[in-house]
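By written order: A, B, C, D and E. Residues from 1 in each chain.
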Amino acid sequence: MQRIGVFVCHCGTNIAGTVDVKAVAEAMKYENGVVFSTDYQYMCSEAGQNIIKDAIKEHKLTGIVVCSCSPRMHEATFRKAAQSVGLNPYMVEIANIREQCSWIHKDMATGTEKAIILARTAVAKVHLNAPLTSGETPVVKRALVIGGGIAGIQTALDIADAGFPVDIVEKLPTIGGKMSQIDKTFPTLDCAACILTPKMVDAAQNENIKIYSYSEVSGVKGFVGNFEVTIKRKARFVDETKCTGCGLCTEKCPQKRVPNEFNLGMDQRRAIYIPFAQAVPKIATIDADYCTMLKTGKCGVCSKVCTAGAIDYTQKDEFITEKYGAIVVATGFNPIKLDKYDEYAYSQSKDVITSLEFERLTNAAGPTAGKLLRPSDGKHPHKIVFVQCVGSRDTRECGKSYCSKICCMYTAKHAMLTREKYPDTEVYVFYIDVRTPGKNFDEFYRRAVEEYGVHYIKGMVGKVIPEGDKLIVRASDLISNEQLTIDADLVVLAAAIEPDKTARPLATMLTASMDTNDFFTEAHPKLRPVESPTAGIFLSGACQGPKDIPETVAQASAAAAKVIGLLVKDKMKNNACVAHSDENMCNGCSNCAKVCAYNAISYVDKEFRMPDRTTRVRRVAVVNDAVCQGCGACTVTCPSGAMDLKGFSNKQIMAEVDAICK
Amino acid sequence: MQEVMKNKAKELLASGEVRAVIGWKKGEFCYDITPAVFTNAEEIDNGFIYDDFCGANLSKYLIKEAHKDGKVLVFLKPCDTYSFNQLLSEHRINREKVYVVGVSCDGKVDIEKIKRTVGDGIIALSSDGDKISVETLYDKYEINRADALAERCVNCKSKKHVAYDELLGDEGEVLDSKRFDEVEMIENMTADERFEFWRNELSRCIRCNACRNVCPACSCEKCIFDNDNSGYVNKAPVTSFEENMFHIIRAFHVAGRCTDCGECSRVCPQGIPLHLLNRKFIKDINTLYGDYQAGEDPEARGPLTSYTEKDPEPSVVTDKE
Amino acid sequence: MQVNEFKPKIVAFCCNWCSYAGADLAGTNRLNYPADVKIIRVPCSCRVNPLFVLRAFQRGADGVIICGCHPGDCHYTTGNYYARRRMTLLFSMLDYLGIEKERTRVEWVSAAEGAKFAATMNDFVATVTKLGENKRLEDLRCKK
Amino acid sequence: MKFSYYPGCTLKTKAKELDKYARLSAEALGIDLVELENWQCCGGAYSMAKDEIASKLSSVRALAAAKEKGQDLVTLCSACHNVLKQVNNDMTTNEDMINRVHNYMKDEEPYNGETKVIHFLELLRDVVGFDKLKEKVVNPLGGKKVAAYYGCLLLRPSKIMAMDNPENPTIIEDFIRAIGGEPVVYPYRNECCGGYIALEDKNNAIKKSTLVMESAEKNGAEEIITACPLCLYNLNKNGAVELPVKYFTELLAEALGVKGEN
Amino acid sequence: MSFSNNLKENVIRSAGVDPKKCMKCGKCTATCPNGNEMEYKPHQFVYMVEKGDIEPLMNTDSIYKCLSCFACVERCPRGVEPAKFIEAVRVAKIRKQGENHLKADMIPDLLDEDLPQQAIVTAFRKYSK
């Protein structure tokens, strides 16, 4: 039997104005189990709290009800007070007689009557309260960042700076991601490499950061604070510890005709290669698909020229397992394939290119050493047409229904840079809408129009016809209601961007949720934008939605802050009000796990002794306290009632119902 | 058919492939056939039966039997295989321990319907094609088989087995039944008429728990009605209210999981049409969330453990005219 | 003849994150609604077991309303979607049994919708008052 | 292998060659084309208006007749192919039309889009196989430069026609290669020649067809092949370029060595 | 105007596509092989139908300029498929008494010996009732 104390607050006249607080306190004295009841001016004041503390000690209270303002206001205050004198904080219940009573009723009799019922309801609940303790789980103080683009690098640097070890897993031989392929960045036009490569070097040199390049995550177990991740280190046939990155092998390799993916296939590299000069780690990698030695066993040139003896043709994929407290997903994006958009003749003419290819064509380290030349004949283009929204805002199966967000700005950048470097080139941009919500973004776009004389035309390109060495562009001009024909030299398509293909299988491993476009979903779209609903999984960069570089970096740092907030704890306090399954009643039917948004429920086979002394193995649900958020969805779906929620148990809620209806 | 089944059962018992066979045997009366577990050829020769009165759904017995060592053979009619699948999806049965023999079914006979024609005192029954001959203490009758078919068989939803290891007889198809017509008829009554209808039906309940005990979906380790801690324990009917509550709660607990096998109504000694509660849920689920047949696909997610963002609001019920 | 004004008993289940906060806001803004409404705080609308609703009616409640975050805004991301299906089916069943469907309601009230909370309660109380006492689901033994 | 065959009205009159050479070639390839009995004109143009139903009935009849025989329905004329395939699609997607068609036709077994409609080119690609076809060629074209003219109706709308990539098709080019020619890829091969307006807006039709032919010529074509009688007429009549336009079946029959038999 | 509204509804129903899905990108007009011959361009058909401005569309010869080549149907990114509106307006027009665009007595002058049947059949199908 509980010994319950009731404390009725006047809240000045806020409550006492329409509720006869004395009458409430008096009425409570006659409730079952109530051994003490009083009222006071301000319960939340220090003096008020002392009344509570003293009463708990003096009357050996096992539970208390505070009739006051909303629990959203002072529940924590009163719980702390109770705890300070040894009463479990979950033995405190609040009857909300201010927001839900005195403030909404004008009549003293009505207010008092209702306040008594609310107090009685809280007393009825406290009768069934049980002391709860938040479980604790130790936190592994190491973070994993999946993806080594600017998002992953920034997140890793911030976490490392806070003093926590962090590993980056990057599937390519180098970190750097898409940003390393970009020439200049909007709206400031600073060189991408100049701002990115120092960060790459920082990451490599930071003693808290370990980079697993040419590696992939192949398995994830565990939960927040305690993930166990298997990383597959793909064989690169070069001993990372020995390779000095001198690059001699990449010059001597006789296999010269490998499409260079860093330049999007616009030039060629060798079968052994370092993606680009500033690659991190600067280690050669052998492309097994092209290496003559690996394919036929005859060659071995790279091995002969390597003075460090780093070449190892027998290298195999290697799997390592590491423990992490938090995982950040930073898998980034790719432009979509354009094979379903051949009205723009992408596969029919070399001079129809994507915007990312355009970046490489204007980059000093690109295939043309930074000169804007047509891929087909190496001539300088004099008329360039940019097409926006290729595949974006397209509701058909081949398209993406969303806006890719970055295309308006990078196209303005391309147009502006072209006009700046080659004033003799006419530049046309066809747009549906120009979307420039960002700091100095619209000014940037207007400058392209006003200062650089880029022709922005409200309309769309309908067909590109390669004819001779020209590209006949048929387009619409919706302002003047006409159809235009432009004989262009180069057409640049702003292809929609989509999440990297590795994201979906990764999401499955992480049990993180995704939307239909394969972008990771946030725990809350407004208030928790860098966290996945799965505890301990954080989101950084374009894997969560299209983003430009400033937004990506901002989100990357935000994700890092969340990770640091988690890793800084030695132990994690779990939510005390978690679900719990009574294994004696559990059917093992799995319905609870199906509705759990957090994957907090798993199943084990357990042996039970039967009344006839035989044993029977049954499958039963087990709730992971560290992961459960306490929503209660599972409790209702459980047919046998085995699943219940601590702090909001079936019996507690029914006691409240009974008290109200009494 | 019965002989084929017996031989199959004996064959598998003899080879040691299965430890036991779940089938049907005769009860006290000729029409009173009950599920039974057979463990040797002798028992099968003496007791095994498969006829027009083998309505019982044997899938639920697997929960207990398939926990023991060795494999169990079970004979399942098309509608029983749905329950079987549903139990599989809820991990109540270890599939590897069961050898399912699907048996075709052309509907089972409802003894109550026969009694309504011939009265009590039945001593012998035999069916021959589409006729049933009945011998009572007082007279002999011949009844059209079609007239004696159980309601659930008249409105059979499927003659197709959705799970089996081996099939005896012909495979049928999923049927376009009229099983929701009666639900619709009740829906079309006024609220007062509906209340009267159900009060009349449910007030006959004697809380014998037969419906619960037979229901394959009601297979909880511990039923909330038997659990002192659940807050719903009540074992005897005191007022009509309780029958309301008991049956609403039971129907809700099996909603989305009930395969509409109709066992609840078959076993109700008071003849309460309990299936009309379950079918109401099924009908609502089909209309509101898209057609769903529990047990059709053991991998499918049930309607109450899934959702879509565009689900109708509860106001479709509360605000309807 | 004695004129006794009927005062219904209304149980309101409110989710902690949206609707309970919305109810608090109604209070903060001093928006009136009848004292017949008593709120039970639950973490999420998906915590509301249909059995709680039946229990309330059994104990003599005249109306039960469940309030939660708007679909798509659930604090637990998906809880209210499950609640929506459960309650829709339960209400439909009660209607099928001839119990007045107007006694049950689900309303989505956000933490910012204090006015909506008050208006909803006013409307619901008025509706239930018009229906009068809940007799069809009440367990007379629960009334002393 | 037996297929139902829908020739269409023009193939019985002005485009007899298209039909004749197809039949001869099919025979040589071991394909049995069984002409539907009592077929009616498909209407020549598919009406995009959802409520135009009467004009689509003849197509449904042809489709239903093929279903009765349990055979896929082979077409040859691009226009017929387009109409039949689109109507067939309607018969699985346009509820209103399905109901009304069933009401009109009052067939015992109502037609619900069961028949598979394939174009003769698809027959060559998917049933015979271009590799197999190549083996059967006795008079290869000898590297003749042939331009494929697809026009509109074979490819679009691709959601329904589903024959090839509508923007960069390869089926006729592959066909040309199989019979020993060298395909000429030119950008206007899937641009409309203006056939539908040839009757009453001649000047416009001249513009459109000339554009197509000029493009083919510029890219080195020695002749153009097509599957559409209307395109053939329009290009021949209105295209201001001297370039032979032939049916693809004629080249096929020639290559298979069956052309001269008649 | 109720008449106009009624007409709008008829045209939309007949077209079977939703003009509200149009995001006004203009790809239809851009891609139309006959766009320059049209007084009202394909994108204007969509917008004017949505506004209920059907009369001017019925009275323009743009409805006979559409080649029915399905280029805009194929390439519309929003599934609006403008040719369907042009067809719907044309059908609405020729269904009116005496509004046949092509009359039988005009045919002989237009014929030539090579003209395939389908040219005549389709011309009638498209332009007359």
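Operating definition for what follows: contacts are C-beta pairs under 8 Å (C-beta built on N, C-alpha and C of every residue); 3 or more make two chains touch, one makes a residue touch a chain.
All values derive from a computational prediction rather than experimental measurement.
A.B. asks: Give the chains in contact with both chain C and chain E, ordered by label.
C.D. replies: Chains touching both chain C and chain E: A.
A.B. asks: Determine the set of chains touching chain A that also touch chain E.
C.D. replies: Common contact partners of chain A and chain E, which must touch each of the two, are D.
A.B. asks: Would you identify the chain whose C-alpha centroid lies closest to the centroid of all protein C-alpha atoms displayed?
C.D. replies: A
A.B. asks: Select the chain at the greatest separation from chain D, using centres from the mean of Cα atoms.
C.D. replies: C
A.B. asks: What whole-Å value do you get for the distance between chain B and chain C if each is reduced to the mean of its CA atoms?
C.D. replies: Roughly 36 Å, centre to centre.
A.B. asks: Could you grab the centroid distance between chain A and chain D? Build each centroid from C-alpha atoms only and quote it in angstrom.
C.D. replies: 52
A.B. asks: With centres defined as the mean C-alpha position, give me the chain B-chain E separation in Å.
C.D. replies: 59
A.B. asks: When the C-alpha atoms of chain C and chain D are each averaged to a single point, how far apart are the two points in Å?
C.D. replies: Using C-alpha averages as centres, the distance is 65 Å.
A.B. asks: List, in ascending order, every residue of chain D touching at least 2 other chains.
C.D. replies: 191, in rising order.
A.B. asks: Where in chain C do residues touch two or more other chains at once?
C.D. replies: 50-51, 55, 78, 82, 86
A.B. asks: For chain B, what residues touch not just one other chain but two or more?
C.D. replies: Chain B, residues with two or more chain partners: 231, 304-305.
A.B. asks: What are all the chain pairs that meet the touch criterion?
C.D. replies: Every pair of chains in contact is listed here: A-B, A-C, A-D, A-E, B-C, D-E.
A.B. asks: For a test of understanding, state which residues of chain D touch chain A in their complex under the given definition.
C.D. replies: The contact residues of chain D facing chain A are 165, 167-168, 185, 187-188, 191, 215, 218.
A.B. asks: Taking the complex as given, what residues does chain A use to touch chain E?
C.D. replies: Contacts found on chain A: 343, 389, 393-396, 399, 432, 458-463, 474-478, 481-483.
A.B. asks: Could you please specify the touching residues of chain E with respect to chain D in the complex?
C.D. replies: Residue list for chain E touching chain D: 13-16, 33-34, 37, 64-65, 67-71, 73-74, 81, 83-84, 87-88, 91, 102, 106, 110, 112, 114-123, 125-127.
A.B. asks: Which of the residues in chain C end up touching chain B in this complex?
C.D. replies: 50-51, 54-55, 58, 71-72, 78, 81-82, 84-102, 104-106, 136-141
A.B. asks: Quick check: in the complex, which residue numbers of chain A touch chain C?
C.D. replies: For this pair, the touching residues of chain A are 70-72, 96, 98-101, 103-106, 110-111, 113-114, 117-118, 121, 513, 521, 523-524, 533, 577, 595, 597, 629-633, 635-637, 645, 648, 650, 653-654, 656-658, 660-662.
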